[in-house]
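Below: a set of structures, written as structure tokens.
One chain, subunit A, appears in both complexes that follow, with subunit B as partner in the first and subunit C in the second.
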Partner chain A sequence: MRSPFGSRAGSASLPWLGFAPGIVLFGLFALLPALAVVGYSFTDISAVPNLPWRWIGLENYRRFFLSGEAATNRSVIVRTIVFCFSVTVIQNAIALAVAIVLNRRMVGGTFVRAVVFMPVVLGVTVIGLTWSLFFNPTGGPGASLWGLFGMDSAFFGDSRLAFPLIIFVQIWSSLGYSMIIFLAGLQAIPPDYYEQAAIDGANAWQRFRHVTNPMIAPAMTANVLIAIIGSLQTYQLVYVLTGDRPTTSVLALKVFTYAFGHADQGYASAISMVQFVIVAVIALTALAILRRRETQL
Partner chain B sequence: MRRLPIVVVLVLVYLFPLLYLVNTALKTPEQYFRDPIGLVDEFSLRNFADAWEQGGFSAYVANSVVYTFVCATLGTLLSVFIAFPIARGYIAGARWWMTVFVLSLFLPNALTAQFQLILNLGLYDTRLGYMLLMIGNVGVGPLLIVSYLRGIPRELDEAAGADGCGYFRYVVRFVIPLARPVLATVFILQAIGIWNDIIIATIYLADPDQQPISRGLFAFYGQYSDQGTLLAAATLIVALPLILVYAALQRVFVAGAISGAFKS
Partner chain C sequence: MSIAPKTATLALAGVLSLTLASCGYLTNDDEGGGEGGTLRILVHGNPPVEQVLAQLADQFEQQNPGTTVEVSSVPTNDYQNVRNTRIAAGGVDIVEAVDSGFTARSNPDYVTGVDESPFIQGVQAGNWVELTGQEFLGNFSPEVMEQLAYDGRAFLVPTGTVYYTGILYNQDIFAEHGLAVPTTWSEFVEVCQTLQEAGITPLSMGGQDLWPVGLLVLALAQSMFPDLPALDEQLWTGQFPLDGPESVELLEKLQTLYGFTEDNFPGIAYSTIPSRFASGEVAMIPDGNWSAPSIDAAGPEFSYDIFPLPGSDNPADNQYIGGKLDAGYGIPTSSPNQDLAIRFLEFYSQPENYQTFIRGSGFGPVQPGMQTDTPILESIAGYNGDGAFYPAWDQVFHRNPNAGDLLAITWSYQQLAPMGTTDDPAEVAAEMQRTWETALAGN
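Moving on to the complex of A and B:
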């Protein structure tokens, strides 16, 4: 389509002129690097400037899957997937329950909604420090809470408890986001559907199953996919709360650690690619299941 | 009223950690040492002043304000100029560009290749390099704007064109004002990301004078990890502007979250 602005020669290129700066920045700093990672994964390039590098074929992948590091790497992959599934399932279950509770008119409902959504705005550093202080082993409220049950713990310093706590903080941070999306889905359901169901004698569970559940299927699809992709890619919270430790590290944090802690950027690129494939497989499988579910409901 | 206990627990789980932070930040170190979780007895703002001073927060805040405003403004502006010709088909391959923006949300983590690029451009440890990365990371912005602009009738373009209005004047004088709601959303999504960034700043900005506030807070945490009252005050210094802006513009934030979810 020709733009209707100006009839002079060259005026047809004006839309391109406006388009170019943004697309160049986006292409150069976001799109191309994401594609170039594939190439770097076949090299031994480092983070040190001007150091010579070579093509080493599949060596980085062999190192990841078959060398002495393989067992550690497998446990990191398992932990990443555990993180993804726990966050996706628990977060969406609670978010849906909270959205249903808050969907009805109530005094202070807007305030409660705003409070639950707030961590989405706060950012990982503030959230990480807040919970570190809360779970300060010497005298934080978390320690007092544990004390009520006669227990004590080093919390983020405890090798068994640290990871479950990170999962908790992650869900705490992003629950509001899922909740808002479910609320938007719930508000789109016409009230007559519930009235009709009530006339037909449906109880609360039946109304949920036959009215709410099918009507919020698109919101469920969006929420589950966002949670899966987000939780497989996030590592900022782990970085702030515990750093890269054998008991808490996830795949995306390994990319960061190898790229900048060990300056081993070829290997880090290969881990990036492994992560990308895992995200793609899990997200596409989930998408297929969710789409089929949407059409069946 | 079976809902009440659920709501009360929810509010507690969300507000208690923040109230604990406020309570701690207002205590003297001696009181915190004696009774870490008791209510504050002598109310004092000393910790805020001390944290601000010792953490060098004025420089960090100034950096973050500049990074956030400049990058989010330019990022939003460039996104409009990307989105408008795509929405109208004024450039070839409009459909294809849409696909590129959608796919870009799912591509591999680009940290390593980005680093090599910045290194080779000589932009490592420069404000310019950091800001270019932040501006280029437009995310869902162009997609949100495209779908909004499709709701603005094309006849308006033709009428303005027939009256002799130029392309850039039209975008600035008509498209931008008409698209204000979606532009506010895009600006805020990008601004939150920049204000809260810690990873990119950690990687690219080695010089403390150039670092933004999240990085400053994290460094402060490393240095004063045993001083709860100072840490609480420092955390609130970083969180407070966000909470205030959020309280004032809650609607825009929530609208942003919803439109972002259904576009991606």
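Moving on to the complex of A and C:
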């Protein structure tokens, strides 16, 4: 078989020359720092310049799981998983519904698509500011809306409501991205399949279940994995909306707080390793299930 | 089209060279040094301080032709990280030492298993230029210089004092309702009830930022525990149970204060509080004297004063307003402009320039003979006595990292509803005690 890279002498190395910068950059700025974090998690390295650091074994992990703040940390882990599960399920369900509606020929469909996608291009700070102003308890539109029903709330300051509101904002800000992926999947389904199903007497639900569902399985896999990994790594939104509070904090925010707030980078590295294990277990499990589902469908 | 390997290699090398050259360009552009030169000062976000430093910088530039002074600031939450990065890169000449838990004092013997403060660690690592023997340090109060000295050596030039265990109150509202300044807890509760019955919101605070609520804890501790150093030692030696009656009483009083505070205060931003106080929307706010410039700007005719939050029913316990020595200015050893930095600090320390700084920043002065133009600083001096200084609980308490952020100032105000989810102070206290015991066992 002819080589896709040509047959001239010496040209076999040309592809590697193209890959090399990417591999070197990835190694230097992604792989090496990631491996360094594993090492740092066993040290007391701090952000204070020129301070010697020591190997302290599992002390950072003991502190996370067994010290006085262990109960708080367990709550943070549970909240992180709840956040991931809620965002992944709700975001993908709504995104799929919106994509199915927008996949039909309709007046203003392009405009609606642009509106749904718009939050994706906004920065986290802009999103945080927008919703903080909306839910400002002293005169924000959200407070006026609540007032119509005779209610009031501290919103992002409310210890019970703040976390659901953060989930809502996260879904709002990422919905467009998932929707576009689903829409691309839907538009790739040949219309003949639906015509054939209709001729066979399939109703709307049966067409969705037996035609749409299997055909968008790869899009579903991509969306679910993106949502899982994205939500498990989210900290910026929580940070700008509520700060590091005991009722809203998540693992990624703890990493940020200890690394950059307390300059306790060894401990922050240990927390990020805990986060890495959780992300890996959930993402790989989801990937295995979704791949098997794709094959079965 | 085919590209020869040699051509591709050359192109790649060219791109990398350009990238490295760009990095080099950026680095070189930031360097100061030489006669005259550029002096870079980094402070945390505090508009009055930034403005008065810029004013002093202008004067310094006029007196030193060819010299440029750049004053930059970053938000408080990001300050420590940005400062450490710029120190490591040699990109700053004068910085503030405002780490959380800042102290120049070494840990006492009863505090075990805890690192020294980041400032002391920095001194030990050789990060700060020693200023011992500089004549201009003699302009400051010797007691203050002693507080800032580590092992008898000076590394910092003081800024001033701030006081934050008091309550700022609207004098017109108090006069209108015939209210006197309360001197006991019972009187304070009566004042709040009277205001509430008159349809006036007694208290407000910026719960969204968390720390303003912590000021109430510090204020209650100031009056309920007259011997704060002894309390610190008792905590670390396990002799003060956090679920005991005194601790629960503090949380109950905190809950009472929450009840007198504006609805939904956990969602209100601190930045809105000074102007809302100045507009008469609320009668009282727990705040520090640093707010005076903002309040004065929001309401030039607004009449307000301060009193110590009376957490005790014994008036003698409620006399003082606690505070701290605020950030000191230091010179990193990585600075390429150390001589120029010392000259600026000498200029800053001259009484006439320090007077300008004090007037603009709103800090309490730490040089003798200064005039503040800030009435509440005079009121604070009236409570504390001339020149006396009472450190607040957060300046005395040695934080235990193993106890986490919730016990950063001992009493976990973030867990008590409506800031948190627990309505029962005794339950919060029991959780605090469990956390503290586990933390001590791990030290």
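Just so it is clear, the second predicted complex is superposed on the first by the 267 of 297 C-alpha atoms of A that agree within 3 Å, B and C clash if a C-alpha of one lies under 4 Å from a C-alpha of the other, contacts with A are read in each partner's own complex, and residues count from 1 in each chain.
The rule we apply is simple: a contact is a pair of C-beta atoms (placed from the backbone, for glycine too) under 8 Å apart; a residue touches a chain by one contact, two chains touch by 3 or more.
Since the model is a prediction, treat every value here as computed from it, not as a measurement.
With both structures placed on the common chain, the touch criterion links A:Ala47 to subunit B and to subunit C.
Applying the stated contact rule after C-alpha superposition, one finds that A:Pro21 touches each of subunit B and subunit C.
Of the two partner chains placed around the shared chain by superposition, subunit B and subunit C are both touched by A:Ser11.
In the superposition on chain A, contact is made by A:Ala114 with subunit B only, not with subunit C.
Contacts of A:Arg105 after superposition: neither subunit B nor subunit C is touched. Legend: residue contacts after superposition of the two complexes on their common chain; A:Ala71 is shown touching subunit C, with no touch to subunit B.
In the superposed model, A:Arg63 lies in contact with subunit C only, and not with subunit B. Of the two partners subunit B and subunit C, it is B that touches the larger number of subunit A residues. In the superposition on chain A, A:Asp158 makes contact with subunit C only, not with subunit B.
Residue contacts after overlaying the shared chain place A:Phe260 against subunit B and subunit C alike. When the two complexes are laid over each other on chain A, subunit A has residues 6, 11, 14, 18, 21, 47, 49, 132, 136, 138, 260 in contact with both subunit B and subunit C. Touching subunit C in their complex are the following residues of subunit A: 6, 8, 10-11, 13-14, 17-18, 20-21, 44, 46-52, 62-63, 66-72, 132, 135-138, 152-160, 242-247, 257, 260-264. Against subunit B, the residues of subunit A that register as touching in their complex are 1-6, 11, 14-16, 18-19, 21-23, 25-26, 28-40, 45, 47, 49, 97-98, 101-102, 104, 106, 108, 112, 114-126, 129-134, 136, 138-141, 144, 172, 177, 180-181, 184, 218, 222-223, 226, 229, 233, 236, 239-240, 252, 255-256, 259-260, 265, 268-269, 272-273, 275-276, 279-280, 283. Looking at the complex, you find that subunit B touches subunit A at residues 3, 6-7, 10-11, 13-18, 20-21, 24, 36-37, 78-79, 81-82, 84-85, 88-91, 97, 100, 104, 106-117, 119, 124, 132-133, 135-138, 142, 157-158, 160-162, 164-168, 170-171, 192, 195-196, 198-199, 202-203, 214, 217-218, 221, 228, 231-232, 234-235, 238-239, 242-243, 246-247, 250, 253-254, 257-258, 261-262, 264.
Put simply, subunit C touches subunit A in their complex at residues 2-3, 5, 8-9, 12, 15-16, 77-78, 80-81, 84, 87-88, 99-100, 115, 118, 121-122, 124-127, 207-210, 263-269, 272, 276, 334, 400-407, 414-415, 417-421, 431, 434-440, 442.
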